[in-house]
């Protein structure tokens, strides 16, 4: 009863390590089921520019270990126009594409839902973003690698902070969620973690940040002090926060903004495996009729989750670690 | 009702990256509860040689990122003697130690159970081994790092295999389980995976290995071919298997035995976080009376599991990935 | 005729990977010659605060692979005071120290020359700085590692730049020299390199930067464009440059400031070997009477160079690579 | 007076990280001079199988950071036949190729010299091999990366050796030269180094190996002991040596054979820069008439060296480091 002859895949939004593993698994799984795979380039733009190619086995050889995405990604203003979704759907119809797989975050999935209103085929999402801010899956593809990339940088900063007995503030990505910051902060043994989930920070009251620093200096004799900060945690950014702190405590605090380094790099094992699993699962579920679902993993098992709910973000950060970090880790 | 004044910790069995994160979390959590922590050195030998020291805050500073274990590890023949367990318990009593935390694998936990027969205090285990062959926890501390270390090596071999269009067999650790091999194999995009869970391999019948190689050569035009092999998968080892294959197919197959590289290295984020979580949880549970339990993590939550059952190994390898690799990944 | 019984070592200025290798080699070499080694902590501050310890074999075990410096580093305002150098010399005399080894850059060497005016013992310098801006040695300790650290970051940015087809400006360290920038830029295959040696950049005339970008877009179809920028190359910094470029060409240009990450990390082989060689050579030369010299390496051979000339900076950046990058590499 | 319209390049012998940087620089430099570049695949085999393609700009984009060689490498039995060299030359003539660049080791250069007897065009060699056993250049392309790859593995083994207080023997590549072994051994702080340059090792007399081990145990209290061994240093290999040592001293000694991991991986900065420099220099020199030369680097400067002398191997290993390691480093 497999009515799918040809499916399409695209990567959208910020690229994430492991997207290539998902593309590879989609191609291999589809090929094993005699389904052709079309890859659109530059995210949804490929649908408007008619930029695509048939993905063959050799296109996905030796890509599992590569960062970025072989299909490229981009924002797509064309999809935001009133006629955009219908136009995108028209391309899919015109190319006889029976199903579309969108690898990206919840913003990309919203775009898919718009297209679905005009598209006769099936649509499934695969969660790929370093921010881990997609509901319906424990982890998104790219998140584990981003933690280890951040960690590698913080470890290096620790070396020099320790040699100089200095205070460093390291800003990590995460848009409006603190997943990367909390995980990397705990894993780095950061003395302090500042992220949205821990409450907002006001320039008028920096005591919550200053008190533990002074405590550490007086009582603990720490030779370095690292504060990991989620982006968007302080008006003016982490550089402004570092200046405010320097001024308040009379010790030079340096800011380091990790930035886009966190998106790149060869994916770690966890992301290659998750990408493989969700890519394969997405194809299998399409063949069984899934539509408007996201292929996620919860408690180790591949599951479907309504695409329309992936942005609701009820997903909680591990409460055990949050509590431990606040009560123990920062001291 | 916290009756614990002093607890002890030791690392036993093969060392695993992340053990230091667990030691650090144990010290920090205990200190926050005004509990003293004694560290025994060289595994159980510390109990016999009276080699120990009080762990203070500065002993665990900047160790979360270090491989190995600051407490050292070792086999302990003394514990295997008839009087061994009683002697070990005597040391604990003599030093007024109210509870013992053993970080190691199920062999180490068996030793703990023997000591428990003579010891009045509480005992809790923390699963630390790269092999992931401990029941009662989804992952053991060190497993994630071992996968990424193996992966890094296989990626390098892929580079040279690809340049030379060669066949390589890479042997990974895992004692009698295929966790590392399956995970690293899938994550590396290995063309073939040989591990205990996929059935045994006989020198008399190598067809199951040879057929997919020939298939790949004829049909797929792959420019390299990597077989990931769990240790103990073939009589005489992976070098013997490579020779047998070379002879059978007339193409040189090279063996590469990764060996102890897999034990070392700075732990990845997942192992630092798991070590932190389970170390902290172990202390908290001891304070609440836990005894003869292992602190594990299942479905993201810290849980207790009877120490006596950790070696039963009902833990299944992800059936989705096993099936996918056998049906799709190898082709 | 070895009159040295006790020598002292300190690390000063910005820390650099490989300083620990030098400290280790100094201790091992001195011990083999029955010379005691005192390590002062926090750079020259250790001389004022009397913070020091005798370095024994076990202090330098397993440090060759560590970033930072076990002796710590710091700026030393006390040395800048009129009486500072005499006071520092007094500490050396008081502790019966026959010779002092200063590991650092040319600023640290200037401090050593001031102390020498009041000190009866011998002084030798070992060039340790990531900036490679010390004359009298082909490379300074830490420079090779800084290049590879920068490279690792730029490779990651390339992944995401390539996925998004974006323009990135990556700012590297180097104070007032372009060594790291030129080397990392060439090694990264950067499309453009902006460093002091290539002439200054004025906000009023960005044509030298813009023209090659437009050329690359029109003619070469490059999918990403990376400009590596030395710090202090543009008024307002690299973020300001990125904004000016974005405005001028109408394409978003993103800035990434690598910062202190470049100082940390396990030293690469070249720095461990250079640190070992220069540390050992410094001790040997002290024993043969060297004074007011720097231990450097030129054309593969350990050599002495007058400490007073190390800041003259006649050292030229490889003219072949400069020419090649300007004529070929940027196009 | 540039009579070269079309040149060819091939990579031959064992692949080495940085070969892609050389290929890229050759293409870019040639293109800037309006010279077409043909890439032959699989080493000299490409000449026999007529496997080649014109290398364009986009073929060499984003390859500078990749291990292996995009042109593939292979042994070429056809070239060893009596008619082989003439046949190879015939292909070059037939394709109107005015010059050939061979990237490889001295074995590959011998092949080039044979072809030169029948070929009217120019031939130049570029030294690419991890072994650094080519005369006429201080370093070969790939050597620096191989050291760091070995180092990364030895550091990991150090972690586990230290945790277990064990003796490890780590075998490194190098065919018949000890460059990698000596450099990686010193950089790793290995307690002992066994390589051809330090004299041969006989199963009948292991005292030179055993004495320092016993010295370290008795006097130094070292918690781990690592012996780095060049391949081909002991009859039966390093595994046999480990067994002989275990038997002789009564302590378990484990062998670890690094093998082909050392060939792969993203090239370090030094190899990317050397590859770029020598590739560019080779093209420039061809255009100026160079023939039967190798493009090498001596004392930081690109130089030509007669291709016929590259295998003479007078190149000495740094005598300072050899002496230091023997007198100091091992103790």
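Labels for the chains are A, B, C and D, by order of writing; each one numbers its residues from 1.
Throughout what follows, contacts are C-beta pairs under 8 Å (C-beta built on N, C-alpha and C of every residue); 3 or more make two chains touch, one makes a residue touch a chain.
These numbers were taken from a predicted model, which means no experiment stands behind them.
Common partners of chain A and chain D, by the touch rule above, are B, C. Of all the chains, the one whose CA centre sits at the greatest distance from that of chain A is D. For A-B, the equivalent interface within B-D, A-C or C-D is the one where over half of the contact pairs agree by residue number, namely C-D. Distance between chain C and chain D, defined via averaged C-alpha coordinates, is recorded as 28 Å. Rounded to a whole number, the gap between the C-alpha centres of chain A and chain C is 35 angstrom. In chain D, the residues that touch at least two other chains are 155, 158, 162, 223. All chain pairs in contact, by the document's touch criterion: A-B, A-C, B-D, C-D. Contacts from chain D toward chain C in the complex involve residues 21, 24-25, 28-29, 32, 57-58, 61-62, 64-65, 138, 144, 147-148, 151, 155, 158, 162, 183-184, 186-189, 220-224, 266, 268-270, 272-273, 276-277, 280-281, 299-302, 318, 320-321, 324, 327-329, 331. Chain C makes touch with chain A in their complex at residues 11, 14-15, 17, 42, 66-69, 72-74, 149, 153, 155-165, 168, 223, 254, 256-257, 259-265.
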